[in-house]
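Since the structure comes first, as structure tokens, the remarks are kept for the end.
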Amino acid sequence: MFKKIITPRISETNITRHIGHTVIPAWLEEGYEEIILLFSQDLAEPSLITVNMNMDFLHEIFFGKDVEILTGVKKVGTSSFVLQQEVYQERRLCVRASTTLVHFDYSTHKPASIPKTLRNILKEHVSASL
Amino acid sequence: MFKKIITPRISETNITRHIGHTVIPAWLEEGYEEIILLFSQDLAEPSLITVNMNMDFLHEIFFGKDVEILTGVKKVGTSSFVLQQEVYQERRLCVRASTTLVHFDYSTHKPASIPKTLRNILKEHVSASL
Amino acid sequence: MFKKIITPRISETNITRHIGHTVIPAWLEEGYEEIILLFSQDLAEPSLITVNMNMDFLHEIFFGKDVEILTGVKKVGTSSFVLQQEVYQERRLCVRASTTLVHFDYSTHKPASIPKTLRNILKEHVSASL
Amino acid sequence: MFKKIITPRISETNITRHIGHTVIPAWLEEGYEEIILLFSQDLAEPSLITVNMNMDFLHEIFFGKDVEILTGVKKVGTSSFVLQQEVYQERRLCVRASTTLVHFDYSTHKPASIPKTLRNILKEHVSASL
């Protein structure tokens, strides 16, 4: 499981006085930054593509208190895997998300098997619950 | 069904040379702007909350060509409804999304029935497919 | 002079009920998009770098009404030039900005002379006032 | 002087492989967050307005290394003051900015004198250089 602290920004606080839901995917991406860099050290030459993102917005998030993002692996397939993420503010679960990423070979423009070493690392982060 | 044209911005084009997925929810929100304003003319006093957003990223979106967002209503419940959206660039379906919104009464802090007039308007936008 | 219409987004409307000033540089960049593309068709291989941006915020900008961005050239030097921009909403001048861009050679990592053809195009857009 | 650490985000890294200049004002705002909150604890009822922002972009900022923002007060007037900010990455000065803020009375819609207590706090942060 990966942990990441995000400090909500003034500019992310919208007219309804809380953090808009449109901000959340950028935060979630920070939560799985280590996994992205595991597959490719060079952000400009990525080998992962995001094919699905599903977010449940359970509670408002406010400016003024840090947010904690927990990231685990839910499922590992041949060429894809699913991340499970939870965003907490003051110990309250505010967002639950799952994101499906595909290991992609840009030279053939097709999904590619996840190499064994990376598969093993991903499996270490699989858990029944976060 | 609602139609909205978005011009991808230079600043929305990320290091992988296409529009990052983190940008999409803000575009989708523009797609259902009319529905938000139907429920409340004052953005600062909204009566809708977003409880779920599910996005399938089917194809990359690039800078340089306008994007068309189609928005229809998938399902109308007592106090909530589900929108279905499709984002096209050059007639290619790039993103398919569904978003669940709840009619919310901020005074009681509870979900509230969708008024009949609004329900009827939403139902006019229900379609088997976009 | 270049003209560009921007539709303020819900997600750009901040907690103080207007468009936050942090959003403006991305809009201004859309205003001089044609100039960027004049110097390089490939955004990933730019030949301009932004070295200064100065913005006067004269009036609040609100969600709900389109904004017009006027862009002219203020001054053309050997390897740099200054743009002058004005952002209007409902005919009211809301932002005045000047941006200094340098023609840059990434192979030598040094400023480079602006080619004569491009200089002439820039000069066509010079005006005493917008 | 105020110090703030910002971690550049993947989503802030643009097609030219570095952090786009359009991202910087939101970072700078985080740098003077304490000053904003000094004037009003409630972000929705601010008493400061930003009237000018001038940024020199001296060096590219990259994803992967934290950034340090130093914020000092340059000048204090009757109803306005100027902040001076410097953004460093790996001890290299990347951005120098000055921002003019006006103490504003939203009830009369006019600039208002800065209260003596706040003026004194601002003066403690004045320095010849950062």
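By letter and in written order, the chains are A, B, C and D; residue numbering begins at 1 in each of them.
The rule we apply is simple: contacts are C-beta pairs under 8 Å (C-beta built on N, C-alpha and C of every residue); 3 or more make two chains touch, one makes a residue touch a chain.
Owing to the predicted nature of the structure, the values given are computational and were not obtained by experimental measurement.
Using the contact threshold fixed earlier, the set of chains in contact with both chain C and chain D is A, B. With every chain reduced to the mean of its CA atoms, the largest distance from chain A is reached by C. For the pairs A-C and A-D, the larger set of C-beta contacts lies at A-D.
As a whole-number value, the distance joining the C-alpha centres of chain A and chain D reads 30 Å.
Centre-to-centre separation between chain A and chain C, using Cα means, comes to 34 Å.
Among all residues of chain C, those that touch two or more other chains are 10-11, 13, 15, 17, 22, 25-26, 29, 43-44, 63.
Chain contacts in this assembly form a complete graph, since each chain touches every other chain.
Of all residues in chain A, only 15-16, 21-22, 24-26, 29, 43-44, 46, 49-58 touch chain B in the complex they form.
If you check the complex, the residues on chain A that touch chain C are 10-11, 13-15, 17, 20, 22-23, 63.
Against chain A, the residues of chain D that register as touching in their complex are 7, 9-11, 13, 17, 25-26, 29-30, 33, 36, 43-44, 63.
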